[in-house]
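Sharing a structure here in structure tokens format.
Going by the order they are written in, the chains are A, B, C and D; count residues from 1 in each one.
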């Protein structure tokens, strides 16, 4: 459990710190992330994160696209939870244009968004298992995510880059036979969740590897602007779905799992319990899914009024915020700033990692569950 | 020795060598297939029927690949390191018996020879890590040096306890063939299960397999000591890894599972290699199974596990076996009774250890329960 | 008896979390593999599956639905579509109601992001997303599809039933989507909406 | 922290509370699309940030983002703050002239300002005084120009269609 050990040194011997370069091509950096570690033996002394290898200038690109086209860019930010990204963006424009969204569209969005959260957390589960050295989790994680993506394909026509949410509603109505399909899917997911839990949650080696590793207390976590499961693992009750409810979340019954120690194990547990909660939310939504239109009254050419709008939503990784500056009457945003949760979460990395073992560095990085598409934008 | 002797030795060595190479191919194929099944996959299925030629295709690819040496590496040691690892593992097979009399060199100090050669591969690892001029390789070799040396002790202590116990049956207790003969009545696994478990743990660690694959740790140091190697040299490392696994399983089946002995093995000599290889295969399958769901330990936890748990237990086990053998020999108990006493003692100590382990687990789980409630 | 006692004392180590993991893995070995043997087993594609866009063919008049109105070109986020229009000869001979018809249509699949916006914004239901997902070729220039290829592919899609004629499809979707009152026949609506919706600005 | 004290204030109460807390500092405080907008001078930014973070009634402990907006004739730095205790949000806007693109860093108030400020420096060339490390974050070393600005032209790359 103890993370700090005394380093015994022979005063006469000469030692030098070892600087190793992890990434951008490294199996455990989750994409093109690079960190320069200074090691004292097996122990990490300092960490220098380097990002930007996936910088595509998304913010700049939005200034050249119509409001309808920007959804496609948001699909490619956090490419694990595409629906959630699109959702925050369309909510921003809806907020600016004061569009009313039909209830059915809201429920469709919640179902898809929560499913995407489950898919994202399953992917986290898999890669996290792999970061720690276990092989089976990644297969279970991908197996379940694959099932969810097959459903997404039926709904939106694409497995990842959906472009399905529209300002004012969604693109098409749900396909025939969606409700039986999603009920069957939820049964599968529950079984898969049990499998997943059996392999890692109570495994002694897993607890040994994660409990007490990379711990940050609530105050410091918040100081870095960390959000999402990482913040909730530190015990801060901040879930935008509860704290600043959007869509129909205020009507739905679910709880926010909270950790207490803020270490890697708590982050893992928070995510796993969020899968349970998301399943609960989806079940409620299916029960309450009303008939009716799926598209509010919006003109086909979007011209938000003048002003600046900041809208945020709870992504699987945390608080995704979109800051839209509109000069009014134009079909393009003047400026669109994206506040990615992974970007802020990654800032806390170096203070989590100092003093940990080299082997823990991948465990800590994995527990943040970053997506580089969103960090670099 | 005349020329025909040399030719026959050469022929035997040639057959042995290729036999091992072939079995490595089979084991790698088997690992991929078994792991795939444990993960609800199919595994290799395209090359040949059921994909049986997949490892062969991989081997051919490795041979044809460009052989790269990093610029500032130490040339001689870099090229020598694969050989240093490769050779001792193959030299081990000289003394390993496939059946009664079916052994190349049936030397008296077989166990001694085995434990000496097992320790050699660490030299190759360090050489490879040092010469490649890569920090990842260096870390990997440092890790493997620490790990291999730590786990050599329990391994050798459990081997020694087998030799000690074999004393009761034979005058030649360090000879592998006579150890197998000693198990004709009752395989040693029933007499000293504790030593068997220790041997398995030590063997997993020696061959650097999950949960002890810290020297390789693909997610941290990307392959460890041989990260800079490519082509056939990398293949040589991989080959010796898997030969190591086969050797460990083979040794376990010789020392604990009764080797070639089995039903009718005396009457039909051709059954003997079959028995020993199926026992070996069983142990290898066990290693595959363990590999599938378990995470990897951290280096400090691994060392703590070795020095705080495994090594004291090995010593205790060794002392226990020697006491029982010594006293039993002195008061000239029948062998069956000695076996019974030792087996019972072993069982009791295993149960005690199991409780120790679970109480440790309770402590560990207390953290979990306190945080996340009764699950 | 002996075994039972042994197992009784060993139940605790067997109930270890790590052991549970081991047995869960073993359980997986007796389930059916989830692998899809791709080239031999083809995936079942959803009816809405989107690969790159292709053009549809009006079998009644024997000409493309596309009038070359450029709206797809304007709405495309990655600018992969290049269209030009010409006067329709069949309109002169009163075989067709389309005054203009597509002259040339180029689609660069290499840059296409398969978002489906062109299908959404097409006023004439002339575009449909194909299900041709294995689009790899050995030269990039083969990824630039011209009008003829797109129409041929579109015919294939129509035969597969992945597209329904505009009379049913668009009006259905509109009524479902915006609960509007149904509009008069499609050609008039098309003319109206062209003038209105061509406003989607390129700059 | 429990969910009980969410939205402790109404918008008006929050506005008056914030005004009272700011005291002598010259700043306009008015609602800005669902958030409370503060427009202030650039010399006061650190002082204001410290006040709104440390005051228990406002308690803006969470810095959501720092954005730079290029208005061609001047730049604007926008700070989005949020309180997790009270669930109120503040947006602080500071105008800085093009000739002197400098503003005090708020990294002493929130450590999370680190990368946001570096990004602003990368993309817009705004210098945050007091930030310990202003090296490029998402651009490579030696990149010419400021790609976030309106004046930056995105270089057009010809697609290579093979031989």
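Keep in mind that, in the parts below, a residue touches a chain if its C-beta (ideal position, glycine included) is under 8 Å from a C-beta of that chain, and two chains touch if they have at least 3 such contacts.
Keep in mind the model is a prediction, meaning the values are calculated, not measured.
Enquirer: Which one chain sits nearest the middle, judging by mean Cα positions?
Expert: Central chain is A.
Enquirer: What is the chain whose Cα centroid lies farthest from the Cα centroid of chain B?
Expert: D
Enquirer: Using the average of all C-alpha atoms in each chain as its centre, how far is it in Å between chain A and chain C?
Expert: Here chain A and chain C have centroids separated by 27 Å.
Enquirer: Please report how many Å separate the Cα centroid of chain B from that of chain D, as a whole number.
Expert: Spacing between the chain centres: roughly 60 Å.
Enquirer: Measure off the straight-line distance from the CA centroid of chain A to the CA centroid of chain B, and report it in whole Å.
Expert: Centre-to-centre distance between chain A and chain B: 42 Å.
Enquirer: Can you compute the centre-to-centre distance for chain A and chain D, using the mean CA position of each chain? Integer Å is fine.
Expert: Spacing between the chain centres: roughly 23 Å.
Enquirer: Tell me, which residues of chain B touch at least two other chains?
Expert: Only 38-41, 292-294, 361, 365 qualify.
Enquirer: Listing for chain A: what residues touch at least two other chains?
Expert: Residues 136, 143, 199-207 of chain A each touch two or more of the other chains.
Enquirer: Which positions in chain D are in touch with at least two other chains?
Expert: Chain D, residues with two or more chain partners: not present.
Enquirer: How do the chains pair up in terms of touching? List each pair.
Expert: A-B, A-C, A-D, B-C, C-D
Enquirer: So in the complex, which bits of chain A are touching chain D?
Expert: Residues in contact with chain D: 51-52, 55, 57, 59-61, 63-64, 95, 220, 222-227, 236-238, 242-244, 307-310, 312, 319, 321, 323, 325, 334-335, 337, 339, 343-344, 346-347, 376-377.
Enquirer: Taking the touch rule as given, give the residues of chain C at its contact with chain D in the complex, in rising order.
Expert: 108, 110-111, 139-141, 144
Enquirer: Which residues of chain B touch chain A in the complex?
Expert: 35, 38-41, 135-136, 138-139, 143, 210-211, 213-214, 217-222, 291-301, 361, 364-365, 367-368, 371-372, 375
Enquirer: Note which residues of chain D are touching chain A in the complex, please.
Expert: Going by the criterion above, the answer is residues 1-3, 6, 32-35, 61-65, 67, 69-70, 78, 80, 84, 87, 89, 91, 110-112, 114-115, 123, 136-140, 147-148, 150, 152, 154.
Enquirer: Quick check: in the complex, which residue numbers of chain A touch chain C?
Expert: Per the stated touch rule, the residues are 65-66, 68-69, 71-73, 75, 136, 143, 146, 150, 153-158, 161, 163, 169, 171-173, 175, 195, 198-207, 292-295, 297, 300-301, 331.
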